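First the structure, which I've put down as structure tokens, then a few questions once you've had a look.
For reference, chains read A, B, C, D, E and F in written order, and residue numbers begin at 1 within each chain.
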């Protein structure tokens, strides 16, 4: 359902308030499609934005690392939209071509060894605690 | 098949050569179960170790970031062994409890928004290139 | 392989028999692409249709709930075709925009907490039996 | 990391406040392991609880349906803890053995047809909109 | 739910009929746990057995290849039970240690390149049709 | 990043060396998009090609079986590019329409029973060792 984005001009005040906060926080002129589609459910829109803002905001990990972790999960899940948007965000946060190459190499390798572990039914070493 | 680990004492020279290189590279007294089970297939053992050594070695990303990306993939795939081993490796590389908390929060959030994108069938913004 | 749909006019009697039963059971003028592609393997076509008819037919759960469960799985797997077809089927069975919003919110949240459980390696409570 | 649950007696006031709200909302004497492990990160604990409370609270879908959707996602992801806890929650909300059987049958069937769609590369019908 | 296996002695005639057919078809003295748990839902038990019997029976692919494909999927999904049971079935059908090693190597490599394709957003070559 | 393929004419000597080896090994006039995109990271390009060449080369399993296993994993992961390329490779290795149909049937069935096992929480039979 909800096969159309909701643009700012057509949004309710509750949706506009979230859109305004996204634009202010990220210093962008418009929100991307993800938020325009979520706007069909203002409760989920607000909750998701508040969560993303908290999780991706300043903390113990720097913004570039956070975005690369987001890309790693999205690639593993094969989410095309998420890969495109978070790869761009990572690039905007300073990811170089070399960093991207290493990120992809690790994601590929982890997906490979995760399955080797399953297939060989490797028991957890006592040392891992 | 291959439901038993292959210990150094019982290993062929080809397997011992890989075990020796792992121990030397990581400065550990013994290899963990993953390698002892892979040793049932010496070709895959060698190839996997050469690949992991190259991918996780020095580069554009620091070792802690690399291990956290490995954890992010392993958590998304639900690989218990891989989560245990790479969480320990990340901790050894300097991951604090606060960093681990943020890592988990991002992995959780990415898995959530990956599905919201799928369910709402959000088209990729032209700006993502 | 099998990169073309098989239309009724070109179908064998065995395939037509399945197509006819789908059209009769669902009261539709034509079958959708899923069945037209499966028709390349008449045995799988018949078995899959018999199974879907049994599983999605009258029972302890009402049709709308059944379709929403189907959507939940398809979104988790990121199957675009399945999301589109079963979201439409759920809407035809009475799913409102508000129901769809809650369905998406639960699917997103479950995918998030599934990973938090993995990452924190939470042991099963004795009370869960 | 964080390989031990945090019990109420050892919890900080911020964690206790969340635990108290969970116990009050669900009318249970103690919180389950999921919350005791998340308590290592009080920010994620609070945010996750607030989100779960909102998503699983009263709305357009009844509580039993919500729990069955949660089970469907958890089974698809193979999350043992989540399957155990939400199957119990669904049972407490009125899920009968017959309903559980149909839930499993749909989840199994959806996972099967999701892959048939991928493998046969079925294009989305124009009618799905 | 249904946390106990249903043994032949306690089974209804409908369940016994399926158990008898499994034992006869596979020439085994007892059915394994999978069927004993599915027996809580006799309709799903019967349908699943009829489907498995048809899919895994004689056809264009030999039994060993069929079992190895089953293992490949189960390893990718991380289903411990399925890996154990179908690895044993493949071994009984003639899988050697060398074949198992190659199977694992391919499954690992495919899981790796699947993600490299996603991450690099590789468009399908026109030649793939 | 790296949203363009790197063609032979624009490639560095290191990349050309890999491209040449792919063309020679597979006896094809040009490499496909996968390699042209990976070429943005010459180290990963070389390592991935060396690994694929080793894993998919002559061994205990015949080339057709190897390609079908690759398809089984790719379908389970929903990787459209990988499904298209390895289905074509399997066809070139001799996969008939009947074989493809059985492959799809097994992949679908395995994905279904993997989830039934999870949902019913079936314990591993002692006999599986």
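Quick notes on this one:
Here is the rule we go by: contacts are C-beta pairs under 8 Å (C-beta built on N, C-alpha and C of every residue); 3 or more make two chains touch, one makes a residue touch a chain.
Quantities reported herein were computed from a predicted structural model and do not represent experimental measurements.
Minimum number of contact steps separating chain A from chain D: 1. Among the other chains, F has the CA centre that is most remote from the centre of chain D. Ranked by how far their CA centres sit from the centre of chain A, the chains are topped by E. Our note on geometry: chain C versus chain F, Cα centroid distance of 27 Å, whole angstroms. With centres set at the average Cα position, the gap from chain B to chain F is 21 Å.
Contact of a single residue of chain F with at least two other chains is seen at positions 2-3, 40, 43-44, 47-48, 51, 55, 76-80, 84, 87, 98, 101, 103-105, 107-109, 111-114, 116, 118, 120-121, 129. If the chains shown are joined wherever they touch, the resulting network links each chain directly to all the rest.
Considering their complex, residues 1-2, 40-41, 43-44, 47-48, 77-79 of chain F touch chain A. Contact residues of chain D toward chain A in the complex are 3, 43, 47, 51, 54-55, 129. On the side of chain D, the complex with chain C involves touching residues 2-3, 32-34, 37-38, 40, 44, 48, 51-52, 55-56, 59-61, 65-66, 68-70, 72-74, 76-77, 79-82, 84-86, 88, 96, 98-99, 101-103, 105-107, 109-114, 116-118, 120-125, 127-129. Contact residues on chain F toward chain C in their complex (touch as defined above): 78, 87, 91, 95, 97-98, 100-101, 104-105, 108. The residues of chain B lying in touch with chain C in their complex are 71, 75-76, 78, 80, 83-84, 103-104, 107-109, 111-116, 118-121.
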